[in-house]
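Listed next: structures, encoded as structure tokens.
Next come two complexes, and both contain chain A; in the first it sits with chain B, in the second with chain C.
Entry: the complex of A and B
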């Protein structure tokens, strides 16, 4: 296992370098730059290419992309992720991401907990009550949840609960002036968590159901029942534990999403998280910020794959890595 | 033995119940005591006006930024020597009056070699101060210009300041701006630069000014000062006590950043937002906005903006592109074809369909509220006339083929219409494509991302001259001064694609009229020249003005003194006068 881990970590390092170089190259293929709006200034002298070139030089855009990538990469290794070009002039990228990461974690961890709770319960219940009307209802919910566009669901909830009923706020992190009010923050959290959770519950309940159904057919459960083990122990201890093995790995693979945020949900609910930060950075041609967010996501994807493999081996003693 | 399924049922029921309880706790119907408290809170909140914008400013150090949303905040926290109001007039702010040639505030003299030299004198009004209590002096104004021109500072938009030769400061209140000889700035009463405190900036590291806290916590001279900036959420500004502009009617203004237009409207309807700036609304929301007065107590304001959509005809052969000595366009170099296209597009119906009738078709390149706007009698007007369009095409030798598309010498009358993929452009190109199909012109629409369409250095069709018909918008300036369609403004490969005249239109008579008008200061002398230029260009029709875009803003119906401007002036220009009654 140790050798396997060392090998994987080395692979991770090389993969990260390759991925970040590729992302940087692709980002720099976008035509235009942070000063495009000057071209439509009412005074064409502001659009003078020499003037734009002078401004671009402040950002290092007078150098070729590979030189800029090396500068960025060596800075990133030292902990300097560069400064924002267009979203928050001069603010370090690391600081921007730190500000947003907390907001994203509130949303995604909350949604993950809710999704796990409901996903497990619904999935187990569906498996135990297979082909009953309750199982069919859960299946229908699952299909509906997976098919429903996030932006539509979000807007519908806003219209119903914020506009019509005025029970909950229509987006934002908190009411202006109430940044320390926990109840206010919780109220703002409800709708976006519901939106994110619906899809996750729909997906995870199906995984749990399939996994449970597979395990429920196993002989060792019949043996346990024959030995007089109570049904709740058969299901809760023996069946569920084995059924959760693939679910654990799926959750592990979802870790990048937990940190990278949900772009659509954050946009609809005006939630200043990592997803929205990434979207804004791409729209405003803010390469350092986009690189920062994408690098974090790339690292998390690579790391979570490793974590999922390790967890799988931990959960299932039959798995051994050489 | 307990049935295991009933345990699962109980667990599920409990979880669902918890969820409902959480929701119910979110908003309990108020008790009497709570209602009083809420009313008091509501009453307190009337001291606060919430403004919704679509983006977060990148910086509040305005010389290095160029975002519209930054100018919205700027208008509340910073004032210049003069400021444009909702009537397109420059009113005095830091200055005690707006200097003009007529009132003696500006003078035109001759240099030794006979060139005109303009000088403008401002007198600072009594009591003007920065938000830290320091008085605003003439030295601060001069320093602000020097900062603007400092090459070590990434200032955006230095061209106006570059026209000044020097600034004299004979006393603490007097600022004399002396232009370079020959530089006749028609908007001479608008000072070039954001005014900052020399004392404050003397200690700053200007080379690393982007990292300075001033970007997020600035000190200016306006009636409101930044209290807090919650990154990603909102900027809160508070009234500066005993401000030289007078007592502010509202204590606090909160500028919220809400990216999605639908979410923002939902916040308006749910009374979380009182004012919405124009950047945050889209044209397709107009039918919904019109319902707001009755449904939500909010009034939409539609002001024709300084941004105008137009269709450029490429007069160069697109197969060759933007080079010197380019060949004429095989189809569009014929004026009759361009005029036929102009007559064949129903711009009146277009404005009704796309802009819901809130604006009218444009017939000139300069339009109200500009004082140099040409009336319809001054220019060639291309009102929709299918018969005229067809007749012109017949005259030009384009005959209708079997498939309904016109042809001449074995070639089809087929043109590529290119633009960005913004929704309004997608609609506009579709409408034009259908109209032109009816007169026998086949239009191939090609939409792309803006960064590609407008790319310089030969990467995009507009500047590399490979388009046939190009749809886009110009943003008009404060003054009709314009270089857009001069012969010297044609972008070519040889000049590194510099210039705005993407049609490659070149008419010496137009250049003469426009050039002369650009080099005068007196409105009475300039106006007939601008009219003349518009007459020439409308007859030649190298570009077809389509319509003015709209500035849509929203404000609570009860908000007093909300006066949005029909120009680029943000609606916060008089935020200190806003009053939201209890």
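Entry: the complex of A and C
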């Protein structure tokens, strides 16, 4: 196990270098530069081209992309993530992200918990009550959830709960002036978390259901029932524990999807998190910010995959990594 | 599935048996026909395709016909779903949006499926370095979050029809590659492939003639479900401003536009998303039915 972990961590490091280099290269392909708006503005008081050139030289934009990548990467390892070019010119990327990462984690962790809770309950229930009308309703929900574009669901919920009923806010982190009010905060969290969770619940409940159905057919459950174990214990302990093992892997693999969903959800709900920061930085050619966010997301994703593998081995003693 | 040779039977029975002889695809079709939701999905999809193909018949004026005197029109006889912020007919734009959605998703699905089959089959059949490289790349790409990369590629290449087909292909082949790889590995040492090899069949001949036909069932299901995901992906990118750009209507960019009027004209946001939802739901029904019809044991 320890050797396996060491090998995986080394792989992780290589993957991170590979992915960041690739993305740096792609960002380099962007048509035009971050200062095109200065250079080609219709304003008669145009920026002096020599000044723009001086600015670009200062940022290293006159060098080829691989040299800039090496500079960026060595800085990143030492904790210097560079400064924003366009979104908040001059502000260190690390500082920009520090504010946003917490906001995104509120959403993604909240959505993961909600999805897990509902996914497990719906999945187990429809497996135990297979082919009843409630199981069929869960199937219908799952089909609907998987076929629904996230952003449209978000817009519909805003229309229903914010525009029409006016029960919940349409976006933002908190109502201005109420930044410490916990109730206000939770009200703002409800819609984005629901939007992020629906598709995961739709997917995970199906997966829990089929995993549970597989276990329910096994002989050891019949043995447990024959010994007189209570049905509740048979399902909750014997069956569920075994059914959850494959679920761990799926959840680990789906963490990237939740981050992808956060980009769209944060954009709709004007939620100042990493996803919105990422989209804005890509649209504004802000290379250091885009690189910073992607590196953090890549790291979280790779780490969650690793964690899923480890948990898999912990949950199932039959699995041994070498 | 299997054909019973009629010569071996008494002549009287031969005719009756002949009528029972059905090909593999006929058997699949019979099973699919029994799946009510798959049938419904197919009818909905066929209707959508027909509407998309015949779009100019419904709207001879094109999708950009404006009327600034009839902005934000409520549904009426002339404009069944009302008009948008520039007085353009919403229904007409939805019909042209179907063209974009279905075109992008189908081309990207065909390209990604073919590429995935190529990568997976060569990995499974050739083994060695090719297998390691191909499947390792597939694994890495599967583990990365797709949307951030789709966003950055689309922005770097300049949003547009060709870009979006390209990025959806580049990030959409891995699932099929894995399925093909697994299937080819399983078929590689079966007698009929050994026989094909012994008879002097080359690698590609064996793959295309003997292996892929046997690996097709899960690939078709995966491609069908992938088609639905690509409809959503196209709409998402267009919604974020990195897919199909205005004035060409796409269900995604119609929603971007509608988002701006969500407080005053909320109904504008309902229709395009409903179109996406219905389309993808129909595809998922069809995919589910195909999964059962192609191979009842199949689990993906």
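Convention: the second predicted complex is superposed on the first by the 303 of 322 C-alpha atoms of A that agree within 3 Å, B and C clash if a C-alpha of one lies under 4 Å from a C-alpha of the other, contacts with A are read in each partner's own complex, and residues count from 1 in each chain.
Just so it is clear, a residue touches a chain if its C-beta (ideal position, glycine included) is under 8 Å from a C-beta of that chain, and two chains touch if they have at least 3 such contacts.
Just so it is clear, the model here is predicted, and its values are computed rather than measured.
Peer 1: With both structures superposed, pick whichever of chain B and chain C touches the larger number of chain A residues.
Peer 2: Here the partner covering more residues of chain A is B.
Peer 1: Which holds for A:15: it touches chain B only (first), chain C only (second), both, or neither?
Peer 2: Once the two structures are laid over each other on A, A:15 reaches chain C alone.
Peer 1: If you stack the two complexes on chain A, which partner ends up touching A:146: first (chain B), second (chain C), both, or neither?
Peer 2: After superposition on chain A, A:146 lies in contact with chain C alone.
Peer 1: Could you look at A:223 and tell me whether it touches chain B, chain C, both or neither (first, second, both, neither)?
Peer 2: Neither partner.
Peer 1: Applying the touch criterion given at the start, work out whether A:74 contacts chain B, chain C, both or neither, answering first, second, both or neither.
Peer 2: Neither partner.
Peer 1: Where does A:177 make contact in the superposed view: on chain B (first), on chain C (second), on both, or on neither?
Peer 2: A:177 sits against chain B, while chain C stays out of touch.
Peer 1: Go through the superposed model and pick first if A:132 touches only chain B, second if only chain C, both, or neither.
Peer 2: Neither partner.
Peer 1: For A:257, using the defined touch cut-off, is the partner it touches chain B, chain C, both, or neither? Pick first, second, both or neither.
Peer 2: A:257 sits against chain C, while chain B stays out of touch.
Peer 1: Indicate the residue numbers of chain A shared between its chain B interface and its chain C interface, in ascending order.
Peer 2: Residues 30-31, 155, 158-159, 163, 170, 267-268 of chain A touch both chain B and chain C.
Peer 1: Over in the complex, which chain B residues touch chain A? Could you list them?
Peer 2: On the chain B side, the touching residues are 1-5, 7-9, 11-12, 15, 22-23, 26-27, 48, 50, 55-56, 58-59, 61, 64-66, 151, 154, 156-160, 162, 209-212, 215-216, 230-234, 236, 254, 256-260, 262-263, 266-267, 269-272, 306, 449-452, 454-456, 459-460, 473-478, 482-484, 489, 496-500.
Peer 1: Please give the residue numbers of chain A that touch chain C in the complex, ascending.
Peer 2: 15, 18-19, 23, 26-27, 29-31, 143-144, 146-153, 155-156, 158-159, 163-164, 170, 253, 256-257, 259-261, 263-264, 267-268, 278-279, 282-283, 290, 294, 297-298, 301-302, 305
Peer 1: List the residues on chain A that touch chain B in their complex, please.
Peer 2: Going by the criterion above, the answer is residues 30-32, 35-49, 51, 54-55, 58, 83-84, 86-91, 96, 99-100, 103, 117-118, 121-122, 124-125, 128-129, 155, 158-159, 162-163, 166-177, 179, 186-187, 190, 230-232, 234-236, 267-270, 272, 276-277, 280, 284-285.
Peer 1: In their complex, what parts of chain C are in touch with chain A?
Peer 2: 140, 143-149, 151-153, 155-158, 228, 232, 235-236, 239-241, 255, 258-259, 262-263, 266, 269-270, 272-273, 276-277, 280-281, 283-285, 288
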